[in-house]
Amino acid sequence: SGSPSSEVSVEADGNLSGKLTLTGSSTVAPLVTEIARRFEERHPKARIDVQTGGSGKGIADARMGVADIGMASRALKSDETDLTAHQIAADGVGLIVHSSNPIEELTAEQVNSIYTNQTQNWKDVGGDESEIIVVHKAEGRATLDVFLNHFSIDNTTVKADVIVGENEHGIKTVVGTENAIGYVSIGTAEADIAADVPIRLLSLGGVEASTATVASGEFPMSRPLSLITTDSPSPLAMEFIRFCQSTEVHDLVRSQYFVPVTSEPNAAQ
Amino acid sequence: MPRSDLLLMIISRVSALLSAAVVLVILGFLFREATPALLEIGLSRFFTDRSWHPLSGNFNLKPMIVATLVTSLGAVAIAGPLGIASGLFVHFYAPPALATWHRRIVELLAGIPSVVFGLWGLVVLAPIIANLGGSGQNLLTATVVLGLMVLPTVAVLSDNAVAAAPREAIHGAAALGMSRWAIVWEIVLPESRSGIAAGVILALTRALGETMAVLMLAGNVVEMPTSLLSPGRTLNANIALELGYASTSHRSVLFVSGLILMLVVSVIVIVISRRGRPIR
Amino acid sequence: MISSENLSVSYHGRTVLRNASVAANPGRVLALVGPSGCGKSSFLAALNRMTDLIPGANVTGQISFDGRPIDRVFSSRTELRRQVGMIFQKPNPFAMSIRRNIELALREHGLGNRDELRQITERALRDVSLWDEVQDRLDQSALELSGGQQQRLCIARAIALKPQVLLMDEPCSALDPIAAERVEQLIQSMREHYTIIIVTHNLGQARRLADHVAVFWTRGGVGEIVEYGPTEALFEASSNEIVKSYLSGERG
Amino acid sequence: MISSENLSVSYHGRTVLRNASVAANPGRVLALVGPSGCGKSSFLAALNRMTDLIPGANVTGQISFDGRPIDRVFSSRTELRRQVGMIFQKPNPFAMSIRRNIELALREHGLGNRDELRQITERALRDVSLWDEVQDRLDQSALELSGGQQQRLCIARAIALKPQVLLMDEPCSALDPIAAERVEQLIQSMREHYTIIIVTHNLGQARRLADHVAVFWTRGGVGEIVEYGPTEALFEASSNEIVKSYLSGERG
Amino acid sequence: MSITRSIEPSRPDQRKHTIREYVATLAIWCAACLVMGILAWILTDIAVRGVSQINISFLLDDVTDAGRSGGIGPVILSTILILLVTLSVSVPLSIATAIALTEQIGYDSLLARFVRRCLDILAGVPSIVFGLFGNAFFTITLGLGYSILSGGLTLSCMILPILIRTAEQAINSVPMEHRQAAAALGLTRSSTLFRVVIPAAAPALAAGVVLGVGRALAETAALIFTSGYVARSPESLFDSGRSLSVHIYDLAMNVPNGGARAYATACVLVAILLVINGTTALLLKVAGLGTTPQGRDRQ
């Protein structure tokens, strides 16, 4: 995803004007909103409107030209090659349980059998005697895709007790139900754990689930957070994407509990 | 006809048609979006498929239709009696000061966003109902909260309807030594029947149309519910959950569920308003 | 005997009737006369506590029944109103069938089985000379009757309960002369068994019907009873100038 | 002159008045009398097309004004009703201030500036002897007036418009004798300038006021005019048995 | 004509009626207390969790850190603008439609029945479908984009059935005598309506509008797709603006640790509602209208 034109920023810092509309992933939107604020401070005449709606909507809107840039919390699929993804951060998907649950770690087989209803009680996987409440994501969610892919589960075989939409919905459900298990964005979970919300992230394949392990690339269930454009974005869009990928916004990425990506060529400028 | 009357007639009729047109435009829009799925999949498969897994080509909407009906009718079963009682309370039972307060409170209830109801249900009510088993996110929780949400609709319209009952008749009944409840039951309720019925229908349709709170509370599992404690997904919740992410064909299927919802609403509205047509 | 002592009525703090004291006896008819707005209807409404239903209305003073405070005699408002019936100025039939208009209160007070109800209904309708006009449409809505018919129905409805006291607020003002005369006759025939208080603007009627008359008048914006006494004494030889001039005008 | 020829009124297909033909002349008062329910109010309502507002009402026959069909004389229903004023049996003031009750229609018909409106209002209220009672509460709600006061307000409201014809449906039945007499006097004083048709149950009033009388009667459930003629001729020497017996009963 | 007096001293039915009276009274009081109790519960819940966050700068400041810090100034402004657009379109339209349904077309005419049916169905359109429709129609087809105008117009469609229903009822409850009196004075239909009927119906009309405002303020799903998500102060009606309820939803469901701010925003929303309801009540009182209770028999 090379985007060579750096003229805009060199010659016109402060003179950049126009309006950009971004739509898409609810995971990415809060981060991009913050970046957009900073961008607008630098370029007072530029307006960046960030809407939400979900990754699928972001991709569709970008393709149809309804939005200048889409946002997605997953990699592009094979039938989406007409678009270009510009990764701006990374995130992981982690399993969570209530903090009163003694379980520390589950194997891939255990997760598989819990979600396909073969295991129905915590004591069968080494926990207390209580029924397992399975919290699952709605079909079509980026998070769900990542989860199903990682554990090679066929969604039609999953037997869930609660199906949630947003990450916080999943977390609030686990908080309210001591014997529940769910999976959410690690960024979201860490932010909540930092605020003393009674949940715990489970390790996966021996690797602790945290932004640190996602950053180091150790954590197996991770995903890119990207901005999506068609092949010919406007100069303003290009400049904004460049800004999102630059080190200038790493503090913002971290403050939203995501992992900055530093390897992008543009970031070096 | 004087010019002002003519103008009034034209403006009001055009407005009426405009108001009616809104629903037609919405229906047309839904049809347009749903057509690809209807042509490709056909209507019957929405009822005969094994399950709801749109990405795997299974499109059974039946459990969602049932969940939608159960939560909405349940909500009206809760809100109806409470709302009518609240209208009667204001006019016939409450001391004047309390009546004013009660009214204010009910009006306030009308404006609390469904997300706040959902949040309250999720954080406060669901853990309580979880004591009955499961996660507490089930049809019962959704029904109760939905009932509270549509309660003001019934209450406010009942209040208005009761207020419109002719005072002479009420005084006449009182003068015959009829007790308070007898006056309410024999005179006031029959007189205000059409207004109350309107409130209940409005509440039912509102319950059918509510999305956010149900999404947050019903558990959203697409399975034929076996009891009120089963989780369930309503048609709206389904759209809200999946639409943001749905690709073209999946998206079209979601519009089918929107369309089905509207058909359900239309049938209910037409059946009920046939039966409960006010006599004038 | 029903009597009031120093009865005052106010609406939202504005006094419209002050210190009204009268008594009405069984077998006797008391007529309340006086110009419009002097508080006759308000007085009547206070007697069977209909004022409780009017927002802002406040009643002070004493009402007695057979010498005992009315609240002690009757266990409840409903019992009071059953025993002290009322007929209003504007006809107010219920929006239901003619038959149910009459049966409703009867059932409510647990009077009679099906057959008895029929009989009582017919009796009451005959008493107000309405039977012939409505007997073949008893199940039609009472609202379709003409004003006069409606009022007679309301009277029938009240007397079907056989109250002890009957309060009538211009019961004939909506009736044609023939029907009005029938009601007058009815009142005459009922007087033995009831205590009747009637508000009327028809002084002739007051004179024909009443044993006692109370004349209301407005002074300084507040209504009061300026004279109260036996009918003939008042009509023939009132010492009060106002009363004299009012009653002498045998007009209307 | 306003006249009807073969006027019939039915409600939901049930005829309640058949073939009524009468005429009323300027400077003259026509009284309509007859027992309750015989279609007097319906007849009156047909004259200024108020029947248009009653669901299910249907009117056939001809109404003429000065010999021409009424629809041709008046450009519109509103003009017709402005010129043919009406007062109802039940007082029906609007739920607004006393002043606005009167000014509303005046403004509507573009009569008068602010000062003139005040004068017309005062004049009208004085004409119905209401001025003294309400002059210091003109801005209070008309609904707080007593029944009689309300009715007088309604009359004031109608005459403030100075119509050509005045239809009155028992205008005095809710008034006390003094007010009723004032209104009678008012009608007397207005008769020179207006055509007045009055429904009344008070035969004395009919005799005192009216130049002509039309007697309504119900036959076979349908109302009709059984006799119509000069007042004295009818009262003194009617050839019709029904009319004779009805008018002779100078009761009520 | 003979009248036989019969006062049975104590009838069994009478006792049955007394019991029925107690039961009915008890039931009504219980229901009313339940309604008030639950609302008090919800309100205290919101207040306890949110009120401590509220101060002047919270009300005025810009949104920062996805809502976790800063204030909700722009959100309040957007909400008010959306509401203004909504009401200025829907109130006239609904009153005109209600007039057509009650006074113009005739209650049972084909057209009236058709319009009424359409509105009943409209009342049942899920808010999410309104969102989709508003997005497709106002935002894209009419080219209004994500804007306050799109959101306001979408909400107008949504609250139309409530407004029309209540307006219809309000107009119908004005006694026939008023219309007759006005007609007999030669008032045209339009002045009868605007000078007599509508003023008399004003309290009930206002109650309907309050109900509609409540519904509009509470709406989330329809606004996400139309007026959008942007938390910057709008500069015109064509700018996108985030409403209070969308802000609450976002904080509660999307922003980790946004709960307290969500509750604080909910407090503000409830307070705004209180102000609107209070102002309406006050206005009606000043206008000398306002519905008084029907007549409670003091026992």
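Each chain carries a letter (A, B, C, D and E) given by its place in the written order, and its residues are counted from 1.
The definition used in the following text is that a residue touches a chain if its C-beta (ideal position, glycine included) is under 8 Å from a C-beta of that chain, and two chains touch if they have at least 3 such contacts.
Quick caveat: nothing in here was measured; it's all calculated off a predicted structure.
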*asked:* When contacts are scored as defined above, which chain pair ends up with more C-beta pairs, A-B or A-E?
replied: A-B
*Which chain has its C-alpha centre farthest away from the C-alpha centre of subunit D?*
A
*Taking all protein C-alpha atoms shown, work out their mean, then name the chain whose own C-alpha mean is nearest to it.*
E
*When the centre of a chain is set as the mean of its C-alpha atoms, what distance in Å lies between subunit A and subunit E?*
38
*Approximately how many whole Å separate the CA-defined centres of subunit B and subunit E?*
15
_subunit C and subunit D: spacing of chain centres that average the CA atoms, whole Å_ = 28
*Just curious, how far off is subunit C from subunit A if you go by their C-alpha centres, in Å?*
81
*In subunit E, which residues are in touch with two or more of the other chains?*
17, 188, 191, 252-253, 293, 295-297, 299
_If I count partner chains per residue in subunit B, which residues reach a count of at least 2?_
2, 96, 170-171, 174, 179, 182, 216, 240, 243, 280
*Could you tell me which residues belong to subunit D and also touch two or more other chains?*
76, 78, 90
_Of all residues in subunit B, those that touch subunit A in their complex_ = 51, 53-56, 58, 122-123, 126-127, 130, 134-137, 215-216, 219-222, 231, 233, 240-247, 250
*Which bits of subunit E are touching subunit A when the two form their complex?*
64-66, 140, 145-146, 224-225, 228-232, 240, 250, 252-258
*asked:* For the complex, give me every residue of subunit D touching subunit E.
replied: 48, 50, 53, 76-83, 85-88, 90, 92-96, 104-105, 108-109, 141, 154, 157-158, 161
*Provide the residue numbers of subunit A that touch subunit B in the complex, in ascending order.*
26, 53-57, 60, 133, 135-136, 138-142, 154-156, 160-165, 169, 172-173, 176-177, 180
*Report the residues of subunit A in contact with subunit E in the complex, numbered from low to high.*
21, 26, 29-30, 33-34, 37, 47, 49-53, 66, 165-169, 171, 187-192, 194-195, 197, 255-257
